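Lettered A, B, C and D in written order, each chain numbered from 1.
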Amino acid sequence: APLLCFEDYRGAAQERVAAEIWDFVDGGADTERTVTANRRAFARAEIRPRALVDTEVCDTRTAILGSTLGTPLAVAPTAYHRLVHPEGEVATAQGAGAADALYTVSIFASRTLEDIAASASGPLWLQLYWLRQREAMVTLIDRAAAAGYRALVLTVDIPRMGRRLRDMRNGFAVGPDCAAVNLDAALMASAHLRGAGKSALAVHTAQTIDPSVTWADLAWLRERSDLPLVLKGILTAEDARLAVSYGADAIIVSNHGGRQLDGAVPSLTALPEVVAAVAGACPVMVDGGVRSGGDAFAALALGAQAVFLGRPVLWGLAVGGAAGVAGLLDLATGELAHTMALAGRPGLDLIDRSAVRFEQYGERMEP
Amino acid sequence: APLLCFEDYRGAAQERVAAEIWDFVDGGADTERTVTANRRAFARAEIRPRALVDTEVCDTRTAILGSTLGTPLAVAPTAYHRLVHPEGEVATAQGAGAADALYTVSIFASRTLEDIAASASGPLWLQLYWLRQREAMVTLIDRAAAAGYRALVLTVDIPRMGRRLRDMRNGFAVGPDCAAVNLDAALMASAHLRGAGKSALAVHTAQTIDPSVTWADLAWLRERSDLPLVLKGILTAEDARLAVSYGADAIIVSNHGGRQLDGAVPSLTALPEVVAAVAGACPVMVDGGVRSGGDAFAALALGAQAVFLGRPVLWGLAVGGAAGVAGLLDLATGELAHTMALAGRPGLDLIDRSAVRFEQYGERMEP
Amino acid sequence: APLLCFEDYRGAAQERVAAEIWDFVDGGADTERTVTANRRAFARAEIRPRALVDTEVCDTRTAILGSTLGTPLAVAPTAYHRLVHPEGEVATAQGAGAADALYTVSIFASRTLEDIAASASGPLWLQLYWLRQREAMVTLIDRAAAAGYRALVLTVDIPRMGRRLRDMRNGFAVGPDCAAVNLDAALMASAHLRGAGKSALAVHTAQTIDPSVTWADLAWLRERSDLPLVLKGILTAEDARLAVSYGADAIIVSNHGGRQLDGAVPSLTALPEVVAAVAGACPVMVDGGVRSGGDAFAALALGAQAVFLGRPVLWGLAVGGAAGVAGLLDLATGELAHTMALAGRPGLDLIDRSAVRFEQYGERMEP
Amino acid sequence: APLLCFEDYRGAAQERVAAEIWDFVDGGADTERTVTANRRAFARAEIRPRALVDTEVCDTRTAILGSTLGTPLAVAPTAYHRLVHPEGEVATAQGAGAADALYTVSIFASRTLEDIAASASGPLWLQLYWLRQREAMVTLIDRAAAAGYRALVLTVDIPRMGRRLRDMRNGFAVGPDCAAVNLDAALMASAHLRGAGKSALAVHTAQTIDPSVTWADLAWLRERSDLPLVLKGILTAEDARLAVSYGADAIIVSNHGGRQLDGAVPSLTALPEVVAAVAGACPVMVDGGVRSGGDAFAALALGAQAVFLGRPVLWGLAVGGAAGVAGLLDLATGELAHTMALAGRPGLDLIDRSAVRFEQYGERMEP
């Protein structure tokens, strides 16, 4: 069957992946209401198309933190790609490169940073959690710089892991065929230990990630690397202002795809307040619930400079390895260009705030 | 079974038409959410009826761009009528004439402009897409004028064709029994070539329609014809103002029935801002999701001077040829007159803004 | 099974009544969206209860146009009660009397005005449609006055009959066992003639009711009777002001239970604008979608002085004749008293605007 | 199966409890729309999480009316615990103590106040209804003081019992194995008498509870006890102001879990107006529809100082006696601490109004 939309990839991926892996990928925290809310926010964004604009060429090229890209659609950091495809992150990097898209590698990648870099033809960023063992972070940062990674993305929404009930019911642990190979095996051991009624990943997170980090600690990270520092997981104007004042080079508005704080504001609806608070001081990006190039268009209209895809990239990877990832990303970029054409905004800079409004009559006016 | 409402025609038509033709007629772009939103907007319009008004006679007669008509309900341009009935547009013209309704013939009509004109007893307009081959447009314009067509309708929402997933899954192409006979067969060839996972119409559109046309180009069209020029597919106040300043003689607020930009604003909710922006400088009309004379009443109250029907006319045609078209249009006009009586507005000019409001309490107040 | 709520009566009635009679009672016009909207409006009214009020006695007694009553819940005029119970309106009158409730007899009652009056122990009003044959109206008015009816209710929302598709599909006509006995058999003949695809009642209405009546004609009616004149079917502030200026003695805000203009504003949401426009000049009452004493409480809080029940009374009648009507009305009044107790408003005059608000958070604030 | 969320407890409890007991516990008044609305209000509260806050320790300890507690989650008063577990309130007290949570004992407890106190390791409050027999109240008050209860909670939303249709259909009465042992058997007799189509509890309430009590009567209660007086069942700013002026020591915003006035405002949405009206003069607490620690977080953010659980505690009790109650309370407190961590508010005092907003875009902005 042809893969004509994200939903097609989702269906094909679910057929290929074991049930508990699917639950790990698909699930969210607690009642999963933020997962749902992320989607609903996009469902309410309506596009105001302009007519009689020359859209022969719709240019999706962009530059983010100095890297030029063929598309503002980017790969969000997701752990353990070998869970869904034997080649893991190496295939993801190849696919992202083929699609000319930015790829943010997870700290819990199941291939080495160096192997991933070797297979990549486009820019890579490295995502970090703040580990209790700071030396391990330093090692990673140094390896990333050496391997040509272009930015560090610190994910700040996980002082502890969200209560992902599906994983807890499954007693989920990472199997022996897949590991976070960029960290010491000892440090990762508990992620592989099954236990009834609990998620090994939650246990591991509690042991490993430092929940006491504060804004002041960012200076320590800054001193250890010249790479630009991106903060992922900001959802309020208050924190956006702090991010700017503490020198963040960019912000990713994110609720971790509804996998951390159940009930967190949908990322699309948090985007405007963050964009307004940042007031141009640094780029603002977003992820969470993007399921088409049209969704990406809405996020761009609300002020995002790039739009990350989490689960969908894993669907592509599960379906077809590197080709699947490239296929999904190309589909998304194609849909974006298509939306730009039909919306009469052939350049990313033309997708301004007037390009979307929120559902009217019986629901709600624009903010 | 009696045909008492639009839904009855829809059901009867679906029984008569092959599945992939039905999908072509019924479908929309991508997730089809604008198809749904068009309907939902009407569902929220509430009518404020006036009492003790003499409604013995409810007059639906009107005049648009100089043509007098028995009803403000009009036939929207839709391609390839022979897909649903062997007599195609000739039957549609007869039906529209019998119902004293305006008929806008599609550039992709499957009967000649001249045959259609010969069978018509009411006014005809000709709808155009801006073809890369401008000579073909000139030929059509000249033939239309010669055959007595009274206006040109330039559809501006299709720089490329919407991603109609149903057609793509069906590998839809126009069969050999039906063709856009008013254009060169060579120009139309690709519309008939089936290909797995794609719509031949999308391929054909990409080859044939010029996506680089801008407001400035309208002057070229103007010079080639004395007929009034209507722009179809305007959805914003910004473009409405441009349309007026570039001399459009009328505007049709439309999102192409949700078949082009998925996520586009519902046409009914775009209507007020267009009406306000135009400020009486030219007539404003609307289409998209109208499924009863009561829906038409709501659109008229928001400022439309005529209300077009797309799919419903094809249902009438499929069900009963000319008689089916007339039946559907008469039903709609009858429902409109009925609504006018029960709303205490026996003339079209009495259907003012105070005649509708939008759902209150728990949803939304009037704009 | 015990009859503990309106829904219990509805279920029991549906079991007892033939399908096409049920459709006649239950149905509405066209898509029946106003039927649904009437209910939804009540579903969104939230009660703000007051505590520590002496509610030992909750007094539902009231007076309307000079008649004292045990309850503000009243019987709305509905035609042809013998369709659901052999004793027809005589039983209804007995039931209403037993419940100490006002009963408005329909012009199309299937028992004589005099028989109804003879069986009534409480006040009766007579509802009229404006007939083309004015002499017939005069006769009715005179008979009503002679029989002790206390007010005339002119229903103004039916210049023609709503398109009740269920009746049309059933080819509904009033059977030979039931007739509008207060009018000439000749005048009523067409109401009994079945025809495929149409409602005999709609045909009859078109023949009999005068759609040309205007405010100025009210003077004619006024001259023929000293009884107070109530206008039923007002839904706007504009008409409310006209009603007052033309000397109406009271207003019933009503959309005829969604049986006339499909899409009409829900009566509960029209009530506040009518109450505000009338500004105390005459009593305002309401009907449409009231399905519990709690619903009645909400209507009273928005300014209604009485609340009419249409279909529910017919359910009571179908279920148990006079006892069923009394049972339904007593249930409703009991629920109202119960709501008054729990809301801390033991008198009707204490049910003020602060007693209800409309759903907040995620939907809509109070108007 | 592991008990990972409130819903797990609910399912497990329903399996263990007889159908008519389940209906008694689960049901609400009339249409149960306030039961639903309580939940919907929480579903619309969205959390605005703060990042880079030290959440190593999330402190849920609090103090209410002088009692120190491990959690702001408390046990709401619910009658007849032996209906769901043979040990009844003694087990509940043990469970609450184990979870370091406040327990408000119902006047209709099925174990003696003294036995409950003997098994409790944490603070107890005693809930009262205002009995027609005031001597019985005095006796209870004196016994409570002697047994070390720390506050009196007067429930003010039950001048009569809500029409709980499930109980009425079941002809529900309290069985012989369970009784309100703190009151005279004679006084309680009617609560045990089954009758078709009615709830024995409603009959009993009508006989026993005084619906004529007013604010002025509070002085009588005050004179009989030195314990702090809490008013439970306030839902408006008006009554909140009266409560303060009549010297209430605290308020519990509550609609009795939707079991009293059907249609009452959801308690979460009434909370802000009460908090604003009280303006710090006394603590404000809330109950109704809380089904997770995340829900409690939202209530705390809107100004509640404690959050009570009604039905969920009975689920815990049914599932596992004291251990089940402790399990449910610990789960809730754990979820609360978890939410505090992920929301970046590690102390209860840090959960301020900015921590929640209400659903935006297409529904409603914050109040």
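The definition used in the following text is that contacts are C-beta pairs under 8 Å (C-beta built on N, C-alpha and C of every residue); 3 or more make two chains touch, one makes a residue touch a chain.
This structure is a prediction, so every number in the text was calculated from the model and none was measured.
Asker: Shared touching chains for chain A and chain D?
Answerer: none
Asker: Would the interface of chain A with chain B count as same or different, where same needs over half of all numbers used to appear in both copies?
Answerer: Chain A vs chain B: different; shared/all numbers falls short of half.
Asker: On Cα atoms, by how many degrees is chain B rotated relative to chain C, nearest 5?
Answerer: 90
Asker: Using CA atom averages as chain centres, what separation in Å is found between chain A and chain B?
Answerer: 42
Asker: Once you find the CA centre of chain B and the CA centre of chain D, what distance in Å lies between them?
Answerer: The answer is 59 Å.
Asker: For chain B, what residues touch not just one other chain but two or more?
Answerer: Chain B, residues with two or more chain partners: 43, 45, 359, 363-364.
Asker: Would you mind giving me the full set of chain pairs in touch?
Answerer: Result of the pairwise touch check is A-B, A-D, B-C, C-D.
Asker: Please name which positions on chain A make contact with chain B in the complex.
Answerer: Result: residues 1-2, 4-5, 43, 45-56, 292, 294, 297-298, 335, 338-339, 341-344, 354, 357, 359-365 of chain A touch chain B.
Asker: Looking at the complex, which residues from chain D come into contact with chain C?
Answerer: It comes out as residues 30-31, 33, 37, 40-41, 43-45, 156-157, 159-160, 162-163, 165, 168-169, 196-197, 211-215, 217-218, 231, 233-236, 238-239, 242, 255, 260-266, 268-270, 358-359, 363-364, 367.
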